[in-house]
Amino acid sequence: MPVRTVVWGENIHENTSALVRSIYPDGMHMTIANALNSDAAIKATTATLQEPEHGLSEARLAGTDVLVWWGHKAHGEVSDAVVERVARRVWEGMGLIVLHSGHFSKIFKRLMGTPCALKWREAGERERLWTINPRHPIASGLDESFVLENEEMYGEQFSVPEPLETVFISWFQGGEVFRSGLTWRRGAGNIFYFRPGHETYPTYHDANIQKVLINAVKWAHNPQGDLKSITDAPNVPVEKAHEPITERGPKLHQPGKAGYR
Amino acid sequence: MPVRTVVWGENIHENTSALVRSIYPDGMHMTIANALNSDAAIKATTATLQEPEHGLSEARLAGTDVLVWWGHKAHGEVSDAVVERVARRVWEGMGLIVLHSGHFSKIFKRLMGTPCALKWREAGERERLWTINPRHPIASGLDESFVLENEEMYGEQFSVPEPLETVFISWFQGGEVFRSGLTWRRGAGNIFYFRPGHETYPTYHDANIQKVLINAVKWAHNPQGDLKSITDAPNVPVEKAHEPITERGPKLHQPGKAGYR
Amino acid sequence: MPVRTVVWGENIHENTSALVRSIYPDGMHMTIANALNSDAAIKATTATLQEPEHGLSEARLAGTDVLVWWGHKAHGEVSDAVVERVARRVWEGMGLIVLHSGHFSKIFKRLMGTPCALKWREAGERERLWTINPRHPIASGLDESFVLENEEMYGEQFSVPEPLETVFISWFQGGEVFRSGLTWRRGAGNIFYFRPGHETYPTYHDANIQKVLINAVKWAHNPQGDLKSITDAPNVPVEKAHEPITERGPKLHQPGKAGYR
Amino acid sequence: MPVRTVVWGENIHENTSALVRSIYPDGMHMTIANALNSDAAIKATTATLQEPEHGLSEARLAGTDVLVWWGHKAHGEVSDAVVERVARRVWEGMGLIVLHSGHFSKIFKRLMGTPCALKWREAGERERLWTINPRHPIASGLDESFVLENEEMYGEQFSVPEPLETVFISWFQGGEVFRSGLTWRRGAGNIFYFRPGHETYPTYHDANIQKVLINAVKWAHNPQGDLKSITDAPNVPVEKAHEPITERGPKLHQPGKAGYR
């Protein structure tokens, strides 16, 4: 069964900027989804900010293996309820791939627990991405480095938690560096942040970028079923202890009561 | 200069439960603060839920190097504004030590970005803590293992991010295990979670526990000054690039404008 | 194509101890290989200490995706040349699964760079393994905990590098704990250490243990081809620099010379 | 008491190259030691390849808190016995700082368990080091980036284990990036690799570099005493188990016998 993937797009600049529309006439989300669908192991659809519940209803998310997120101008317009819903699905095992300006999205900051800030410069300068972890599944089929001739610069400090693994580091023409490909696991969910993708450049039409996205979706997919219990805090009664024990000492909680949260 | 430490206590069961009051007549926070103050390198004071702004005003936090947090019954009563204030101070470099039932505190969940859930059983069973990282600063002066004869059980899965280092793992009489001492860094702030400390047992009077708390405060202290810029996302103009570059291609942002957040 | 797996067995106690032979009449390696072969996605064969080159010739290893290692009594008899050969293959991308007393094997110590020491007691006591990272591929299909009624105890400190992820932690009847399932990546190779497997107990006949081994082989397999360049230290000449630069200042190395090693 | 530090220098190019001697007339090790001694909290002496036991006798190492290592041309001439001695001291708690071409030293490869390979180019190009972990103790007092106008290039992949923390990443004029400051813990010992320091440039006279070295020595120092037991694998007899257990089942080892290694 292919990896059921939803590409979420903010879908604003595609409609308000003639420039962005000229590069992504069907929207960035559609370009990304089409690239993912070029691999038979993936079945990608799209969702946008403007749809009811931003296209991310409980039912939709329940049938989603991996969510890809691109947002920039309207992070604040994403409903907190949807953000919590997505976070919970990630903890249960849904993969999440956060792209470029999505570093400041509510969902990424929610899952990282840090500011996720960085430096930036919009000058169309050259970016060279180095694969520092060759044979990582996300780097499959890539050369040791590849170039995007025009990109927005992002510079360190990128205030995120120390990652599980660093896959890519970018070199910028103006003198900065950036950890452009980072992985984390949160609950049962795999998370990948991938830096490139400023909307005024044709980044998502680039063959290397598309390869990374396809690899990342496959890597993020956790085929083992949802860990619905991830937020539970069950009481284990004395009589169900694995080893026989006798209750001793005073206690606060009455039998059968849930704990405090 | 001693490490300026604030011990935050929920301060409810000490006032509503005769049992808890009998163990901690001045409040758990006071017992902990007194233990910390037995070391001349620490200057500990206290704050409680009931004080204005829970005792954690901007000014108070600005003069705090390390915050110790114990809460259980009333996590929901902690104001979201104070939680955000504390989170920002941690990112800037304030140390944070979260105790026992504080695993479900708003501030811990905020900084971890995960459910922070676990199993539990209140049966006064035996807990043996193993130091799995000897010579870690937090384990200074401890034996390879030590016992709390009566404690609440916490069992895995503990749904937190993979830690920087695991310092302690607990063995429980009823058959469970738990990663009882874990470290993380978030922004410039050091975070330590320490499991023991159920309010119906005299855990914070235990000499080994007090040693861990003193060690942890010293470890969490970042003496290098606040990283006030941790949440900034500065634009680096083309003319200030480290290497000379020429602006190329189209752009979204007008000169001098801040980015989207 | 199935994962080409070699199960390496020391194959001594099976021949010198009637007890061990009674449990593993065809050798422990054969029991493990048979278990792996019960999954169609794996094709497991065996190799033993007594074969020429311990059964691990260059050619054999070149066709091996994952190596499983069990040794105990005769670590010192394994040839250093074979150890280096295996290490190189791991860096190039071959998976390695080290079992039980293999913690003191030359190959494991070589790849960890630490003593890999631990406590032990051979008393047939009860071991309970807790899955602390549910939905990790290696924990697929397991309950949150499972029991081995008789096992050798291993206790912390286990002097290995901080792992990439901790998958299992064991509880022992006698009061110890142990990180029983740990992952690392070294070069392009995935490494998994799995604690159970003392030769005087029928551990490798246990269904849960067999499930872990099958999962681990699949997880360790890196399908992306060998990273033959992992030990290279290539000079990048000035004229092949990605960005045009001019050689400046003095230098030690003459053009075309290799660096020092 | 100041941190007892030994700066180990290969001390060859200083004697065979007029150029290197002109930059480091007393040897690179002496320049580094003098820089460290500018901080009253450090007491640095030197040792060189040419001394008996390379200046690293058992007695000398027993009184050393932190060892700084620079080698390049003669890694192979360092005695294996001394390498094992140093490794053991690191596991026991001695800090180790490996500089520049020391990436290929026997001791670094021994402790990492990986090839430690990288790309290189000796062209005197510009290197800009970015502090990606501000307020890490090793980055104390540094700007967010600083420049070495002439350095040898090192490029990724740097085949070392995923670090505990990444402190610096370098940008090179010719288009490469490199993780220039990485930390690990092995046993009780803290290890820091720091990239700059090619012998044909005056790198160790640079104020920022000297600041990093001073910070690194203080960070690497573990003041808690040697963990002499780090290589022990003690048997815990049944009668000394923490919890009462009865020996069950068959066993291999006779009472009082050591385990196999």
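As written, the chains take the letters A, B, C and D, and residue 1 is the first residue of each chain.
Just so it is clear, a contact is a pair of C-beta atoms (placed from the backbone, for glycine too) under 8 Å apart; a residue touches a chain by one contact, two chains touch by 3 or more.
What you are looking at is a predicted structure, and each value in this text was computed from that prediction instead of being measured.
By label order, what chains touch chain A and chain D together?
B, C
As a test of understanding: of all chains, whose mean C-alpha position lies farthest from that of chain C?
Result for max centroid distance from chain C is chain B.
Counting shared numbers against all numbers at the contact of chain B and chain C, is it over half, same, or under half, different?
Same, since most residue numbers here occur in both copies.
Just the number, please: Cα centre separation of chain C and chain D in whole Å.
Here the centre of chain D sits 27 Å away from the centre of chain C.
Distance from the CA centroid of chain B to that of chain C, rounded to the nearest Å?
The computed centroid separation for chain B versus chain C comes out at 36 Å.
Between chain A and chain C, what is the separation of their C-alpha centroids in Å?
About 31 Å separates the centre of chain A from that of chain C.
Among all residues of chain D, which ones touch two or more of the remaining chains?
In chain D, 128, 134, 145, 155, 157, 162, 164-165, 173, 175-176, 185, 242-243 touch at least two other chains.
Which residues of chain B touch chain C in their complex?
128, 130-134, 144-145, 155-158, 162, 165-166, 169-172, 175-177, 179
How about chain B: which of its residues touch chain D in the complex?
Listed in rising order, the residues are 93, 128, 134-135, 137, 140-141, 145, 147, 164-165, 173, 185, 188, 222, 224-225, 227, 242-243.
Which part of chain B faces chain A closely enough to touch in the complex?
13, 17, 19, 72-76, 87, 91, 101, 104, 110-115, 117-125, 150, 153, 155, 157, 159, 161-162, 164, 173-176, 184-187, 199-201, 230-238, 241-243, 245-253, 259-261
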